[in-house]
Structures are given as C-alpha cells and as structure tokens.
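Across the two complexes that follow, chain A remains constant while its partner is chain B and subsequently chain C.
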Partner chain A sequence: MRLLLAPALGVLAIFAVALGALFQYSVVAFIPGSLQTGGLTLANFRSVISSQYLGYVWDTVVLSLATTALTLVASYPVAYALARAPSRMVRSWLLVLTLAPFFTGAIVRTYAWILVLGNTVVTWPVPLLFTERGVLIGLVHFSMPTMILLLAAAISHVDPALERAAASLGARPARVFRRVTLPLSMPGIISGSLVVFAWTLSAFPTPELLGGGRVKMIANAVKDLALDSFNWPGAAAFAVVALALTLVLMGGLGRLAAGHEAE
Partner chain B sequence: MIGRAAVIALVAFMTLPTVVVIVVSVNPTAILSFPPTGFSLRWYVNALTYPQFQRAAVNSLLVTTAASLLAVPIGTAAALALERGRLRGRHVWATLLLSPLVVPGVAAGLGFLILAAGLGLLRSRAVLIVAHVALVMPFVVRSVWVSVKNLDPMLERAAASLGATPWRTFRRVTLPLLAPGLTAGLLFAVIVSANEFVVSLFVSNRVTEILPVAMFSYIVNYTDPTIAAMSSLFIGLTFAAVWLADRFFGLAAVFLLDLDR
Partner chain C sequence: MRSWMRFGIRFGIVIAMLVVPLAGATGVQAADPLVVSIWGGNWKDTVERIVAKPFTAKTGIPVEFEVGGTIDRLAKARVAKGNPLVDLNFTTSHVARLYISDGLYAPLDMAKLPNAKELAREALRSEYHIGSWAYVYTVVYRPDLVKEDITRWSDLWKPSLKGKIALPDFDPSHIITIAALMEGGNELTWEKGQERLRQLKPSIVAFYSTDAQSQDLMKTGQAPVQVMLTVNAYHLQEQGIAVKVVQPADYPGIVGIDTMAVMAGTKRADAAHQFINMVLSKEIQSQLVESLRAGPVNVGAAVPAKLKGQPGIFTTPAEWKERGYIMNDEARAKTLPAWREWFTANIVKK
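Moving on to the complex of A and B:
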C-alpha cells in the first residue's frame, strides 16, 4: 500500500528540484545581457530590499488585505442564500452561477473586466481601468467563488434549529445573525479569508492586465525581471522573498486561526 | 426584502462580465461598443482561423490530456495510500501532497524555467506537462481521498472471501465505488490544466504555448473583439461542463456542501 505513494512523491521531487533551482539562482550573480551566471553573491537580495521593490511588496499586502475584506463582505449573503434558500432549484442555479466563473479561467475573466472597466458599457465617473481601484474590483470578483464555496460549506453545517430557537426566544433577525449564525460559521470565514489572502498575494494576470503596467504586485515585478529583462537571478531572489512572505503570513495567520478555533 | 435584493445584485456583479463578453463578441465593428450595433459572427471566424490560436489549441489538448492521464492515476494511488497505508504522520504526508497549491505561480514557473534551461529542454513540452501534473495532482488527491474515506472496507473483504483475486476485487468493487471521486478528480484536472496560465507563461514559447498564454499575448497586443469570441467559446464549453457535472454527479457533493436536506 505504501508503495502507491511513490509516483506522487516522484512528482513532488521534481517540483522540489525546480524550487531548488530557483533558490540556487537567487544567490548567483547576474551578468547583464547574458543567461550565464557568475559566482555566489547576495547582491540580488540587496537590490530586492531597495525602496522600489519594497514598494511592490507593500502594495501587494495592502491590496490583498483590501481584497480579502471586500470579498468576505460581498460573499457572505450569496453563501447564505446558497446554503439556506428553501427552493432546491434556486440553490442549484446559485451554485452553477457561482461556479461557472471559478472554472472559466483567469484570462477570460480578466479580459471581461477590461471591457467593463474600460468605459465600453458605461462611462465611469472616475477612471477604473489601469488603476488600483480597477485591480481591486477584478481581484474581488476573482476571489468571490472560492470564498462563497468555503462559506456555504460552513453555513450549511450550522443547524437552522439553533437560529429558530434564538428567534423564538425573541431575538431579532440581526441579533440572531450576529450572535448565532456568524459565530458558528467562523471556521468558513477563517479558512475562506486565508485562502483568498494567499491567492491574492501571488495574483498575476489580474494586476498585469487591469493594472496596465501602472499597478504592480510582486508577481508582476518577478515576471518583468525574468521575462523582459532576462535577469533570472534577480527575479529568483524576488520570487524567493515572495515565497517566504506567503509562507510566513500563512503560518502566522494559520496559527491565529487555530488559536481562535481552540477557544 | 433587502437580503434578496443584495443577493441578486451580488450575483449580477459576478455574472456581468460574462454577459458583456458575449454581447461584445457578436458586435460587427472592430471598435468595442455596447450595446452592439448589429449581429455578426466575424470575430468567431477570426478566432477560429487565427493560426496561433489553432496551434495553441492543439498544444492545450496535448498538454491537458497528458497531464490528466498522468495525474489521475498518480493522485488516486496516493489517496489510497494515504487512507489505507497505515502511514505514520498521515497529516504530514497529506500536507506535503497538497503543498504545490501554496507555492506562488511565479516562483514555481521561474523554477521550472531555470530547470528546463539547465536540462536543455526549453523547446520541449516535457517540462510543461510535468509542471501541469504537479499543479493538478493536489486536486485529484483531495477529490479521490474523500471517496476513499467513504468506502467501506467490508465490501472489499466480502469480495475477497467469496474468492475474488485482489485485482478482480479492485476492478469490480473498489474502482466502481471510487467513481464519483475519480470523476471529480478528472474534472478538476482537466479544468485546472486547461486554464493554467502563470507557470505555462514561464515554461512555454510561441511554438509550445497553450491557449490561455496565446490569449494573454493577443490581449496585450490587439484590442479587437476576437478575444471576446474566443472567451465566449471558453465560457460556453465550461458552462456546459459544469452543468453536466452538476446534472450527473451533483456538484454540491464534490465541494462537500450539505445542500440536499
């Protein structure tokens, strides 16, 4: 039985070798105009902590936090309806409408937002395409299906009898929601927020296309270095920083979440 | 009711871009306009006859087929081992198997690019396919693992005690009982691979690139509605797949939602 794990471990080993290659390149010298590399150096990491690149990191964290908060607020009502609508047909339609964008792929969905944000349909009072606002809208839209699914799974496990009990004891709907539904669906809120935050930290196509080069998140800066400047060592160093940032933030937030659930 | 209005508004927000894409795709003029000034399928003709899209479609078909055919058996074997293998530290193994999901796409993509360059495989599809297998496998493991957990070992023991060989037991009892998880795993594998973009952008070139990468390049370089037509085709196919999956397997179950009260 244990041998059945071997092929999967083989695939993971190749993945690990690829990441190893990334780490190796992050500490070798970049020779401009060449894909050849020089000797061992920490210069790549030194240039990555310059104000320009720290700015990208800051923008990425701020955009990710904003995306997570907005996605949570926008997803909860839909998730609640998905879990609680009395009609089976309504639930089924909500599920298909929620899942369709999840499966449509980043490029198609981002292109759609280029059309909507770019004054094709209506002329917006403030510019949206190629601004941080536009990128934020695209990221929220991108994250909603995932958040809705995780929230709906949690809400569907909250026993409606508890809500009815609170209501029959005189609690108004808002109070029932605040004191019963919301606390009991906390596991979904936490896991949904963690997943959305982590995904947004490494978002690439949305800021690339909706930011139009004016809004740069970490992944866009890595791609510029690697595929446009052919500075693979510099890109590798920044990618390593991004990977470390993701793991540290996820580890820290995961611990906080575990602490909360243990209460 | 305020609640119902909010849900309708939010679902409209989620669906709006899709509707706009489809409407723009049948607009006869090259300038993006809304509402459309007429009806034309010229952008569909354009999309389907554009040589780079044709080449990319063939690549997508090759890469997604190869990656799914590899990832489904490998992931299934791993899921069986996880549940049945009496492993010490099962959680550690499970976390390890799902770990490619938490690695940022650009880190994995650049890693595979450097690896491919080192091995002299920059022009081959091999690295692209292996990368897709690694990215798709976690979804397969997760889907199949759920089915394995729900499988009663007594049924397999019953088959064996009635004289079935291990292989026959696997083929006639285990495999049919795992069918829902396997189908979900395959569906995930195909959809995730067909839409994979970031890693593919790093490890492919004009000759080996798959459709999402080709569409990305087109969006960066041109503004006509050809991409709207291409996107509409993608949306149509996906919607049909999701609807069929819900029809035959019940998507709620796949996502562990308890909706069928």
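Moving on to the complex of A and C:
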C-alpha cells in the first residue's frame, strides 16, 4: 500500500524542490545588468509590496471575482438547459457547443477575441479591446465551458420530482427555482466558482493579449519582472506573495464552502 | 575443419567487436554537430538556409538549432553553465551583457575571424560578442489610416495622433531615449525626458509584448502608428500592408544590433568561430540583408538597390554614425529594470 504512494510522493518532492528554489531566489539581492545575485535580503519583498504591485494584486482579485460572478450567471441557464432539455438532440448540441472551445487553444481563442473586440468587425459604443472590460469578456468566455459542465452535473442530480412537488403546492416557477433548484445545485455552484476563481487568479494569455499591456494581472507582472526586467529575484518574491495570497483566498473560500455544505 | 571454422567465427566476432565501436566512434565524431541557439521563425529559417547549409557543405560539420525566446535561452544557458548545451549563441547586444556578466561567453579569438576586419566599428560590441546584423526602432505608420505625414519623432506628440500609437512595453528604452534626446539628454540622463513622455500618454492606444503582436496591431489598424522594428515593418510591406517606415528628420532611429558569441566551455569553439566568420563574410551578409531586410555589419556587403538608404540599412561608416543612435549596451542592461518600472507606473498604468 505504501508503495502505491511513491509516485505521489515523488511528484510532491519535485514540487517541493521547485518551490524551495523559488523561495531561495526571492531572498537574494538583485543586481541590475547582471545575472549574478547578491547576498540575503528582504528588499525584493519590500519592492513588491509597493503600491504599483499591490495594484496588480487588487486588479487581479477584482477581475477574478467579477469573472467568477459573470461566468456563473452566464453559465447557469446553459447548464440548466444541458441537464433538463427534453430533447436529446438539443442536449447533444448544447454539449458539443460547450465542449467546442476546448478544441481550440487559449491563444487562438484570444486572438479571435482581438478581432471581435477591436473596431475591425463591429464598432462598439465603448472601447473594449485593451481595457478591463475586454479582458473580463475574454476571461468569462474562457471559463464558461468548465463552469457549465460542473453546474450541469450538479443540476442533473437535483430530483425533478422535488421541483414538481413544490409547484404542486402552489410555488411559482421563480420560487421553485429560488427555493429548490438553486439550493440543491449549490455543490456545483461552489465547485465551479472555486475552480474559475482559482484559475482566473493565475490567468496569463487573456490579459496579456486582450489587455494590450494596459491591464496586468499577477502572472503578467511576474513575467514582466522576470523576462523583461531580468529581475528574477523580484519575480520570485512577487510569485511567493501571489502564492501566499492564493492560498489564503482559496483557504477562506474553501472554509465558506465547507460551512455551507455542513448546513 | 570444425575447429578452424570455430576459430574463424570467433576471430570474426572479435574483429567485429573491435572495429564496429571504433567505426561508430569515428562516425559520431565526424557527425558531431555545431549547436546554434537562435530565435525561432524567420530568424532560424534564414540562418539555416543562408549560413548553415553552405557551412556544412564547406566544413562537413552539421548544424543543429536550439530555438527559443531571448530570455528562455538565457535561462537555459545559465543552468547549463560550464557544460553548455549549445556552442554558439545569437542574442541582442544588451542581453549579451547578461551572458557576459555571468561568465557564459568565451572571449572571441579574433585571429580566427579574419572577416571581422571588414566590419563597421559599431559591430564589434565587446571581446565576447560581435554583431551579425542591425536594424533600427523608428516610427512606422499606415498612410491609409493616418492622413497627415509623419516625418519626425516629434510628430508623435501631435494631438491628431491621439489613441493611435503603440509602443513596446517589454523594452521602452527606445522611446525613453528619444524623449531624453529631445530634452537635451541621453539614455544616461533619461529623467530629462520624463515630462515629455507623460505628454505622450493620451496618444498611446496599446503596448505590445512581442513582434507578432506589433504586426497584428498594425495589420488590423488597431494601432496604425508604432515605434517599430524596421525588420518587422519591411516584413509587413512584403505581405502587402502599405506601411511607411520613417527616417526621422529630427533624431535618428535607435539602433539594435543582434550579436553572436561562443559559449564558454564548448568543445566546438573552432567550428563556432568558423561559423561566425562565415556570417561576417560579404557574400553571406548580402544574402542576410536581402532575406531579413536587416542592415549588414560588413560595410563591404552588397545591398539591393531598393533597400539602400532605407532606415536601419547602413552601408558606410558615415551612415552608421549619422543615421542611427547606438545606446550604451552596458548602461542599457543595467538601467532597463528602472526604465521599465518607471514606464509601467507612469505611462502604461491608466
């Protein structure tokens, strides 16, 4: 039995070594114009806890929350139809359309959004490309398939007899949805929201391409520090801060979710 | 008879055991390739076609390529320090300073580079790295989308260009230097141009992180005016996009020189020097100019008539001096993090 744990422990060890290297890099001094590093220092952390970098953290959290909320709202009706449409053909088509984005890479999808959001095909009343709005649209689109699948799985586990019983007792459709379907599909809402929030926190290509350099999330700022400024210790420090933040946020949300499930 | 047969078979096996590994070893040695690290896409394809093939035909040494982004390759070189995975490296002149700072390059043996005598002085970057071709960052625009002529760097500040300009955000050194030059400074006193740069902010619609992004922004018309690499601008022209490459009348374009170097610890230093020498030859330089639309570093190289006098194509020592501004590599490598930090906080951030 212990032997079966070996591969998992091996993977864990590799991740631990990589994280160790990240921590080690984060506490050595950056020497501009050189790949050599100086002695031990906490200066990298002081630099990335400046208003500029905290601004990226704030933008990332706000965009992640907005993406999660909008993805949930946009995905729920599709997931409901996917789980409950009477026609098998409609359900099949919905499934195909939901899965279709998985067959195109994130970069291809994002480039397509550049054409759509820019004023080349449609003239939008407000600028969308290279703005937070445009990045948000791209992130929601990117997240929807996963959210739809998780929600549809949860909704399909809700016994329709319960909804019929509520209706037979005089509840209108909106009340049935609010008091029966929605609470019973909460496991899907929680797991979908956690997944979308977690991966939006680390989003990279969507803000990189749709943000036009103006919208930066944590991953973009880490890349800028490491690859453009050659400041690897600074990038490591910001990555450590981002990792800690992600753990805290995910831990908090996980607790909330666990509390809800216990109720 | 049987014993003779047995002896014959055993003898044959022993000989085969001795000869086959020796032949194999000789074969491996002869086929031991020169590994060249370079950017992917057109850069690698061009160097493979124009340099590597004739190099192999002449020397019998096969050439393999390791392709990747500038910093990916730097990171790989760093972890393989002392036992390099590649023998010869192409990178930009100021990033080469990072390789040098970490002892990743071997000093060049100039006796093995006779063609270097024909180079423009500016191409001899250090005792470790030497130029392969040049280009400039200058103003490029689409006349079909921008109605007035742009002839000077200072035209970028015209209010009519509001919301039309794109700049590189991975390296703002070009526009920072130009703004400093306009205010009587240079890259070392770059703070002088800060206020002027702030005034440019309303005109900037996007910042690009890659050459591909820059070209897409130009093609789609999202950013019809850009501070752009001439090589990319000429590439767009070949694709039928009518862009105008400006030879600015007020200040020169900012020169970029891509460089070559031999990796420290390589066992193929001689072959690497032969390869570099071949790149520097007049004949190969002419073909590189034709294919890459970059400027030659060998001042004796023939340049196609249509490219002569174009921005980024320098054919005489005087042109190198007058039509391009060459930044101090070392200062650029050292100051780039500070430039980026200021630029991001003050210009990029809304």
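What we mean here is this: the second predicted complex is superposed on the first by the 256 of 263 C-alpha atoms of A that agree within 3 Å, B and C clash if a C-alpha of one lies under 4 Å from a C-alpha of the other, contacts with A are read in each partner's own complex, and residues count from 1 in each chain.
Quick note on the criterion: contacts are C-beta pairs under 8 Å (C-beta built on N, C-alpha and C of every residue); 3 or more make two chains touch, one makes a residue touch a chain.
Note that the structure is a prediction, hence the values are computed from the model and not measured.
S.K.: Clash or fit: chain B against chain C, after overlaying the two structures on chain A?
M.R.: clash
S.K.: Please indicate which partner A:120 is in contact with in the superposed arrangement: first for chain B, second for chain C, both, or neither.
M.R.: Once the two structures are laid over each other on A, A:120 reaches both partners.
S.K.: For A:227, select first, second, both or neither according to whether it touches chain B, chain C, the two together, or no partner.
M.R.: It touches chain B and chain C both.
S.K.: Should A:183 be classified as contacting the first partner (chain B), the second (chain C), both, or neither?
M.R.: Neither partner.
S.K.: Regarding the shared-chain residue A:91, is it in contact with chain B (first), chain C (second), both, or neither?
M.R.: first
S.K.: Name the contact category of A:1: first (chain B only), second (chain C only), both, or neither.
M.R.: first
S.K.: A:34 in the overlay: touching chain B, chain C, both, or neither? Say first, second, both or neither.
M.R.: A:34 sits against chain C, while chain B stays out of touch.
S.K.: Regarding the shared-chain residue A:252, is it in contact with chain B (first), chain C (second), both, or neither?
M.R.: neither
S.K.: Please name the chain, chain B or chain C, that touches the greater number of residues in chain A.
M.R.: Counted on chain A, the partner with more touching residues turns out to be B.
S.K.: Looking at chain C, which part out of 1-9, 19-27, 73-81 or 325-333 clashes with chain B after superposition?
M.R.: 73-81
S.K.: Both chain B and chain C contact which residues of chain A?
M.R.: Dual-contact residues (chain A): 35, 111, 114-115, 118, 120, 209, 226-227.
S.K.: Can you name the residues of chain B that touch chain A in the complex?
M.R.: 3-4, 6-7, 10-11, 13-18, 20-21, 24, 32-34, 73-75, 77-78, 80-82, 84-87, 93, 96-97, 99-100, 102-108, 110-115, 117-118, 130-131, 133-134, 137, 141, 191, 194-195, 197-198, 201-202, 212, 215-216, 219-220, 227-228, 231, 234-235, 238-239, 241-243, 246, 251-252, 255-260
S.K.: In their shared complex, at which residues does chain A touch chain C?
M.R.: 30, 32-36, 52, 55, 111, 114-115, 118-120, 129-130, 208-209, 212-214, 216, 224, 226-231, 234
S.K.: Applying the document's contact rule, which stretches of chain C touch chain A when the two form their complex?
M.R.: On the chain C side, the touching residues are 69, 71, 74, 78, 97-99, 101-102, 166, 169-171, 205-209, 213, 216, 220-222, 330, 333-338, 340-341, 344-345, 348-350.
S.K.: Which part of chain A faces chain B closely enough to touch in the complex?
M.R.: Interface residues on chain A, with respect to chain B: 1-5, 7-8, 11-12, 14-15, 17-22, 24-25, 35, 74-75, 77-78, 81-83, 88, 91-92, 94-101, 103-109, 111-116, 118, 120-121, 141, 144-145, 149, 152-153, 156-157, 198, 201-202, 204-205, 209, 218-219, 222-223, 226-227, 232, 235-236, 239-240, 242-243, 246-247, 250.
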